[in-house]
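Chain naming follows the written order as A, B, C, D, E and F, and within any one chain the residues start at number 1.
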């Protein structure tokens, strides 16, 4: 099967990291296609960029010409998964939800450790709407901007592992979710520092997407995610995208 | 003061209706500027169009050249208010929240009557995130598409008033909110049919926006709605918008 | 229009302060009538006095001989708003709810800073019943009794501003509500100390009451707030009040 | 021990009924003292009368000259229990809470069947504040005014038993609470009609008050229910009460 | 009446302590029968032992040959009360729920102080399912294993009283529940240290069981706790138990 | 890898059905080992049998002599998963939670259709404790006892499909979970009748268990699910089991 793994920002190196993580988790026979949005910001750290990413991810998937079996939206706490579910017949998996859903099988409560403090409310909102907040002990920020993860990996590892340790000790989290698509690769260090299972959202999403496809399950079209009704559009999509 | 009232769809006649309703409510000295998004769908009835509207409303407001004192997002249950709050220093009021917030001063519980069934989950989500769902008795759909409100107003009035009556009788709503920016003008008929107060979101939002400006209050910039950080954008905004 | 602004305690100087704040916020053409309860305690700092204030406010409004367009109950976290809504045909606005409702348009979460620790549970209960607790980050007490606000304003300002800063820093509040009818006038100092918007309940209530009147909206009489049924009363109201 | 059982309305025959029910349940050695409020309405069916009853019950208990060991507030869904807890050193038990608390030991969910529809929101609010709403399947109204219970007992029995049956069948209640102080005596008929345990609040409250006294437990005075602080009162209490 | 008070572990000295506490609280005429499970662990400190205790308590009660009027399950936060309710026609009272239910009549919020940290989640889950968690300020662990309560009572008293004080000061608990069947006897020391009412679950359960019997109330059999349907059992009960 | 799939009742034919469903879903290279509890009831339809099954499943897994990589508890709404997590180092997946967790990726809300009405509360409780109840539209009973599924499959299919249709139409479920380990095989008929995705818990659990193993994730041992502490046991395990 072929799974599209769509980054939410336009930084190609981050798309590459995400793609490698997805590929490392994928079953034999699964082809991972990493995609970078056709437009948008080089990092998504707030609502404006996240709303832009939402529509960019949708248009990027719509512009993809080959057949595919599932889509993973690889941004943590971003808007837009519901729109993808309307547009597509194949399963759509958001990494925020995949990580939380997986964490819940591993311990009584989980925490998310993300990048900047301003990302915390977005993640909290997504978890609340997804019905996955009850067992969330906390969403914590390491204080590192997204792109810093690539610029200074050693400092990133340290900051994130320390924040994860606080989640375990102070908030009584029993599992930690790495709250950014680009944090793949930090898992080991955080496990070592905290002694609890650490969930990477991209890996979790790959297994869930594969499982849904394998069971022949896809998005319910009966109501919320029915296909969009026919519309007239003004100035959309932009000429450059078509 | 000047208040921008931004429609979420590209149907100019609906922008006009919304603008008239806002003007009818505005205080002397308030100038209402109705805006139609620079791009997007002619009606917003689902997540794809709503996500597109979110970013379209933001870009439309950013492209507005004159000074203004507040912005009203005049779509019911649509995405994007958080992004506007990041981008702007002036107050932002969403009509979904304005209507609910006003209804709560009038009765113990309120219902929303909207257009299509598929809009119900979007409205429920917005109310939940806004912390305004506890006293919401129900969100009900009349079954009418958005543009039908203009095409056959008499049938619209009847369908909406009947649904509102069911909300009052079956769900024990004590107040009814008209769940669509384009429903201004139906108020009287629904009051007559149900005997309960009926809140129009556009009118409610105008009074709230004016009040915030008058009290010198605007969006807190300390965390969630801090201005976006500097970014590099790919292919955005589209040339046609600049 | 004429709005009655009813203090909950019998300290006339506090009624005066509240009335001045209301007048400063009112639109041209709005007459503010400050009222002191005909009976009750000189400060309300607990359930006994609050229950007494509830009925005192109701009887005081009933004894007011002139016509009026709205009533504001100017006590923070006090009982009784529901009774006023039964008795009156005009809108009733409680300042606890007005402040919270306004704060929710300004930031993702708000805190209330009140006087004594024992007032905290009353405020929490009112917010819970009003469906306004979800986005409440905390209700904090400065430790100052109500009348101390007048006796030593400088100390009051300092204590309240410090507590507000703790709400912002520790509880992540993005907006602060001043949790006492007599705190009008402290707004500026708290803004300066915290850097977040500060909402005064009396001012917020005046704008909401005016808005409801302007939109022709008033309390739903269909169920919870239907007028009291005819009764026989024993020894009530007391001769001195009639 | 001596337990004061305070009616919330001024109808002496109802006080008598309540007193008889309490006496029938009391242990040997417990003296039940039924009290009628010194002022107030002959039936309490809404917020105005309930707020008046709250303060009337408090003043009536304060005016009681003999020592006593506990107080029962025998009104369903009425305001004021918190004030009594501040004023007194002995345990205070509200029948609304006593019934719900007892019902929770008997089945997974319970319903309350009360008098008029307008009493429903008051009861719901009391249960919510008491943290006893999670297992409440419904609060239902029989449509009978309070005083009708005495005027036409046969019709009352029938109406209440039918409503109780609906709670069991439609709302899946496993226990029924009789939602009015004056419904003592209907228990048997409702058991017969529904086949589920039926809890009378007055009886439940007597056993709880006795138990607290027996265990030497009384209201915590550390914070919420600390004694009122010293105050100056205007025109209170009325001369006629002193 | 005769009440079975069933310990959840097989330590006879602890059964004796529990029995003495129950007897000290029981009314004249109530016979307390302390029972030790026929099988199971000498202390219950986790889910495996708790699930084993659940079935052991049920089989032990079923094997009891004499008539009885009520059963108390004297383990804090343990599984199994629902099964007893199915099997028996007489009332069943769990001490976790009895303590919480009683505490709610004494203060606005309560905390539980238990033994080991790993018991905390079990207690939290039981309170959540029982609908008694809303007013629970915290469940805290003293860090002492169950059997240590008997081995070094002086150290136990000190550790538990200190933790209780933290609950009152940091979590704002107004009442403390002793979170272990074997903590009877510590009440006085904790009251002295904290100044708040302290509830012993065994004592509370005895009064509630007696009250239910006195009022002629028992478990609703209409649905959740209907008697088990006829079954074929494999290898159960073990020969040694029959 | 080897996954133990443990039935909760002692009906071997049902263990066989469950095992076949698991095998049909398993990846190449996964060995499914179906297990029947060493003791217990031939069907589990209530709390007594469910508590017995909890401990029986644990002892059966402990008695299994070969190595294994994960365990699936294949009972819907049964007790005991937490105990398995304590006892084992490998992942444990409950089918109730697996089904709900999977359903949440497919639609905005899901319903469970189970056997007898008395199973509904057990399932609701498990979902609540698992933090998976927010998006649960309803748990509905078809009225069929567990063993009837095998005795009259045609009637079972019809009853379950009809109840599923009611969940979709009346409760607005967008996905249906088959609420019994033995319902595997009914999927197709329910999809056909309702038009929504239908999730089988056994299949879902197999994919989740495989995924956890593949990602190297297992139960957090830091607190709630730490291994049992050393204990002395009385009369356990029964001689016949050892």
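Methods note: a contact is a pair of C-beta atoms (placed from the backbone, for glycine too) under 8 Å apart; a residue touches a chain by one contact, two chains touch by 3 or more.
By chain, UniProt protein names: A, B, C, D, E, F = Hydantoin racemase.
As the structure is a computational prediction, the values presented were derived from the model and not from experiment.
Asker: Tell me which chains count as touching both chain D (Hydantoin racemase) and chain E (Hydantoin racemase).
Answerer: The shared contacts of chain D (Hydantoin racemase) and chain E (Hydantoin racemase) amount to nothing, since no chain touches both.
Asker: Rounded to the nearest 5 degrees, what is the angle of the rotation that puts chain B (Hydantoin racemase) onto chain C (Hydantoin racemase), matching CA atoms?
Answerer: Answer in degrees: 180, to the nearest 5.
Asker: Could you put a whole-Å number on the gap between the CA centroids of chain A (Hydantoin racemase) and chain C (Hydantoin racemase)?
Answerer: 44
Asker: Please tell me the distance, in whole Å, between the geometric centres of chain A (Hydantoin racemase) and chain B (Hydantoin racemase) computed from their C-alpha atoms.
Answerer: Chain centres of chain A (Hydantoin racemase) and chain B (Hydantoin racemase), defined by C-alpha means, are spaced 29 Å apart.
Asker: I need the residues of chain F (Hydantoin racemase) touching at least two other chains; which ones are they?
Answerer: Touching at least two other chains: 108, 121, 223-225.
Asker: Can the chain contact pattern be summarised as a line, a ring, a star, a complete graph, or none of these (other)?
Answerer: ring
Asker: Output the circular ordering of the chains, read from chain C (Hydantoin racemase) in the direction of chain D (Hydantoin racemase).
Answerer: Start: chain C (Hydantoin racemase); next: chain D (Hydantoin racemase); complete ring order: C, D, E, F, A, B.
Asker: Can you tell me which positions in chain C (Hydantoin racemase) touch chain D (Hydantoin racemase) when the two form their complex?
Answerer: Going by the criterion above, the answer is residues 10, 37-43, 45-52, 54-56, 58, 79-80, 82-83, 85-87, 117-118, 121, 125, 128-129, 145, 223-226, 228-229, 231-236, 238-241.
Asker: Considering the complex alone, what residue numbers of chain A (Hydantoin racemase) touch chain F (Hydantoin racemase)?
Answerer: For chain A (Hydantoin racemase) paired with chain F (Hydantoin racemase), touching residues are 25, 27, 91, 93, 97, 101-102, 104-108, 130-135, 168, 172, 174-175, 195-197, 199, 203-204, 207-208, 210-212, 214-215, 217-220, 222-225.
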